[in-house]
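Next up is a structure, given as structure tokens.
Chain nomenclature is as follows: A, B, C and D, assigned in order of appearance, with residue numbering initiated at 1 for each chain independently.
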Amino acid sequence: MTDLSVDLGFLRLKNPVLAASGTFGYGLEFEPFLELERLGGFVVKGLYYGPREGNPPPRLVETPSGLINAIGLQGIGVAAFAEKILPRLRSLKTAVIVNVCGASEEEYVRVVEFLDGCEGIAAYELNISCPNVQKDGACPAFSPEATAAIVREVKRAGRRPVITKLSPNVTSVVEIALAAQEAGTDAVALVNTFLAMAIDVETRRPKLGNVLGGLSGPAIRPIAVRMVWQVASRLKVPVIGVGGIRTGTDALEFLIAGARAVQVGTANLVDPDACLRVLAGLEDYCRRHGIGRLEEIVGTVKT
Amino acid sequence: MTDLSVDLGFLRLKNPVLAASGTFGYGLEFEPFLELERLGGFVVKGLYYGPREGNPPPRLVETPSGLINAIGLQGIGVAAFAEKILPRLRSLKTAVIVNVCGASEEEYVRVVEFLDGCEGIAAYELNISCPNVQKDGACPAFSPEATAAIVREVKRAGRRPVITKLSPNVTSVVEIALAAQEAGTDAVALVNTFLAMAIDVETRRPKLGNVLGGLSGPAIRPIAVRMVWQVASRLKVPVIGVGGIRTGTDALEFLIAGARAVQVGTANLVDPDACLRVLAGLEDYCRRHGIGRLEEIVGTVKT
Amino acid sequence: MLKNPEAKIVGREAWGDYVLLRFEAPTISALARPGQFLMVRVADGPYPLLRRPLGIHLRKDKALGVFFKIAGEGTALLARKRPGETLDVLGPLGNGFSVDPCLAGKAVFAVGGGRGIAPLYFLAWELRALGAAVKILYGGRTKDDVPLAARFRDEAFDQVLTTDDGSAGREGFVTAALEEEAGKAAPAMIFACGPDPMLEAVGRIAAARDIPAELSLESRMGCGFGACWGCVQRVRVDGKPAWVKICEDGPVFPAEAVVWDKDAR
Amino acid sequence: MLKNPEAKIVGREAWGDYVLLRFEAPTISALARPGQFLMVRVADGPYPLLRRPLGIHLRKDKALGVFFKIAGEGTALLARKRPGETLDVLGPLGNGFSVDPCLAGKAVFAVGGGRGIAPLYFLAWELRALGAAVKILYGGRTKDDVPLAARFRDEAFDQVLTTDDGSAGREGFVTAALEEEAGKAAPAMIFACGPDPMLEAVGRIAAARDIPAELSLESRMGCGFGACWGCVQRVRVDGKPAWVKICEDGPVFPAEAVVWDKDAR
């Protein structure tokens, strides 16, 4: 039997497969399809302090091997989460990570301070990279300073480990990752979605209610793998790889590139048991290659 | 009959469909498949001053709805181009654009000075955005200063209009485009390929000889459309849209987003007559919508 | 709510752009109610990426059927499937129509426009089983868009057929026929599925006559089971308009809950 | 060099993972020479994006055939094609083998490993037509990898069959058989197609005995017609190693031109 567990330093995962934020609801939606405890963990949908309306529809456009979304982080807010959802997640033997959003530094801090008062959360993932909220798609993860400031405040205010989720829409994701590390993040996750647009040529209107949205799915995987490789070779804190993972092979690309864990996003929407398929692929690979501890392959790409 | 011509200011194209550099060889390779004069024009493969070896294979990896290439600009150099190729292109009644490369500002200038001595070239396209040449994928188009410097020198040294080809691997392509405009470029073309990577998990080696390569094809189209829209709404000089165009509808997305012309890249490799399919799609659209002059739809997206 | 990645296709019928596929999916079939839908995979690889939502058109023993119009690449791929091949389906999803026992002996209308007829066939049979008197109001653009008319007739459903161009049945919109029929004798309930303008008109007609109505809405769907929040439409919740998930809280809503006016949203 | 987007498939044979498709492509057929290849579209949409290179396996009247092994997603999709459907092909591409009239009456060897046998069937028939005495050396891993052995035998080709595990023909590599046969009676020419290590060994054996040899190389291809420079391999040009396009200057090269040693590149 292969040991699939991975050590993020602040958290040991039973296996490196996490479900990505916004594609796994609050977790419970997936119970009919899989045993949540089989996963290394999951990241719940992004939470602002209060409830949020989200963007007008259409919110989704399918593109070649990709999906553009502009959900706009519709959600129930921390209080409803703590009251209605968290009690049902708490007993699960898997890492529950909360994706934290904010319209300002203060809001990130408020969300974390509130959640610090609740049990059953393994870590916070700071969503500083959502392209669906500001008009031009900009976000704090575009700037090393803004990134560092949020990380620093949240680390100061909160008691739990922090994963900073980075944007791929930048010239140097390494620079931003280093800024997050400097500011004390415990890990980085990359990538969030790529700022994208689609136009209905018949009506000449944007296909999304929000005009711009974020591209995810297999289409972006080769860019995400590149970014993970660049960041992992420069960072001390662990890197979590996200972007277009559907299979064990896809996940292995990220692990071999240097990610210590991976997140499965869009694939969950298509196959609610996609995380299990990824897991089965990892197990099969280890068996075929006689790998006793999966963690050994992290970052072993021979360039 | 629809008037498909578009005016770039410095050049009137009989139609907005150009073939993109590096995907159309030196043009002649496509003569068995299409009449070159049907195109608005074509951009020949990138030329350095001297001949160039290019990267070791494998040079191509297919990805979901995309292609990563790391050709490394293997080519014959300007002298051989002027001697063997250009004489055969000169008589064509279509715009022949030369994609100009350089390892330094000086090399861009030398290439342009040499080509200025030859007839039969409609414009230069400055390739300051190829991700396959420097080790980490960096290129002048990452920096407004480096971009402006090359544009300025080339405009000073050369006599022909200059199209600056931008990289999508930046935080603000608008900033770079504005720098190019400031420095005197006559147009911008975007996007070049996205820096990407793929790993063979069985051998744990990169799938490309060059480790990194550039992602093109339908997968990237939604990101390219977004960038064209952002840039076109801020620039005075015309924008040429490139990225994942296979059909008339794809091209229309770019035109409606604000591009005055488009380039078809990877699709040429799959269907050597792809440009004609795009053209037929544009004609059909104009007919269905009763559009007399295609140019009228440029930038008409209703956001 | 289950995933059956290998439902065996046991039947296929086609009328121009309209296709009916029957497949064996016993567990899903046992749970299915009219108005619920399935998320159907159209290809194995990463393109087309998403499943397609299709209403449950019929249930017969352990088999289910979907009836769809070829609308784009996904449905075109589905249309190529043949008996013997398999279908990857997720379902049953959504809430479904109210097949209320108190409708026994009452007159009900099922109003379908174009491909919107799909879930109404299943509904009509369930209502008939209940003892309701079902009238089908079936509209399409031309005679090619009402391929199920012959079946409803053969199966002795009371049917009013309309086409926009008059090439089959009465000329005009199905909503005009609804207006007329409801004027003659108001049903106890109206069920409708079709394009938005049709549904909006059905809602108006029902409201004007105080007939309860249920509308099955469409929306682009990412997942179909409530995880992505991609499928929202404007629906009143406790009287207040909100972005409500079609896949989970719908696709069927009481007509009066749906907010059509873009400005009032 | 032509594009035929709708070559009608008229025949299909399959042996496990190996498939032979025949299709009508009269103009391409008229131009085709052994060793040339086609670029075949495997799907209509953007995925899989690229065409797949396949050698021309046979020409019969106006029909051509491709013979391929299912190696991945693209060939798996192709394997699903059935007679009556169409194939989108580009060709004939590349240079082909030297079917030199002076080979008439001479003994020649055609050495194929696995799917590398594909172009050698067409070659063998053309050489036979020329009056050459063709010996087929056909190797595979197991008996399942030499599906064409029966055909060569039935069509009275002199054939040496090998499998790595001895499950059909002689046990061992096809190159061992080549060594032995060439030792018995050296042919005037060796043609070979197969995996790189096999081709390298064929080149060595031919060089040692001073027999001219032509090797058909493989490479990832973007276009197949010289436009992308994606398919290069290390080949000597005027004695000097260079990155040479397989699709245009090959896929067939004189054995001595190919640079195998990664360090000597």
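Operating definition for what follows: contacts are C-beta pairs under 8 Å (C-beta built on N, C-alpha and C of every residue); 3 or more make two chains touch, one makes a residue touch a chain.
Predicted model only: the values in this text are computed from it and were never measured.
If chain D is disregarded, contact among the remaining chains keeps them all in one piece. A centroid comparison over C-alpha atoms places C as the chain most distant from chain B.
The distance from the centre of chain B to the centre of chain D, each centre being the mean of the chain's C-alpha atoms, comes to 36 Å.
Taking the mean of the C-alpha atoms as each chain's centre, chain C and chain D sit 53 Å apart. The distance from the centre of chain A to the centre of chain D, with each centre set as the mean of the Cα atoms, comes to 47 Å.
Shown for chain D are the residues in touch with two or more other chains, namely 45-48. Counting partner chains per residue, chain B has residues 61, 64-66, 217-219 touching two or more of them. The touch graph of these protein chains is complete, with an edge between every pair of chains. Considering their complex, residues 22-25, 29-30, 32-33, 45, 53-54, 56-62, 64-67, 69, 71, 74, 217-219, 246, 266, 268-273 of chain A touch chain C. Listed in rising order, the residues of chain D touching chain C in the complex are 45-48, 73.
Put simply, chain B touches chain A in their complex at residues 61, 63-66, 68, 136-137, 142, 169-171, 194-199, 201, 203-206, 211-212, 215, 217-223, 225-226, 229-230, 244, 249, 252-253, 256-257, 285, 297, 300-303. Of all residues in chain B, those touching chain C in their complex are 64-65.
Residue ranges on chain D touching chain B, taken from their complex, read 1-3, 41, 46-51, 90, 219-223, 225-233, 242-243, 265.
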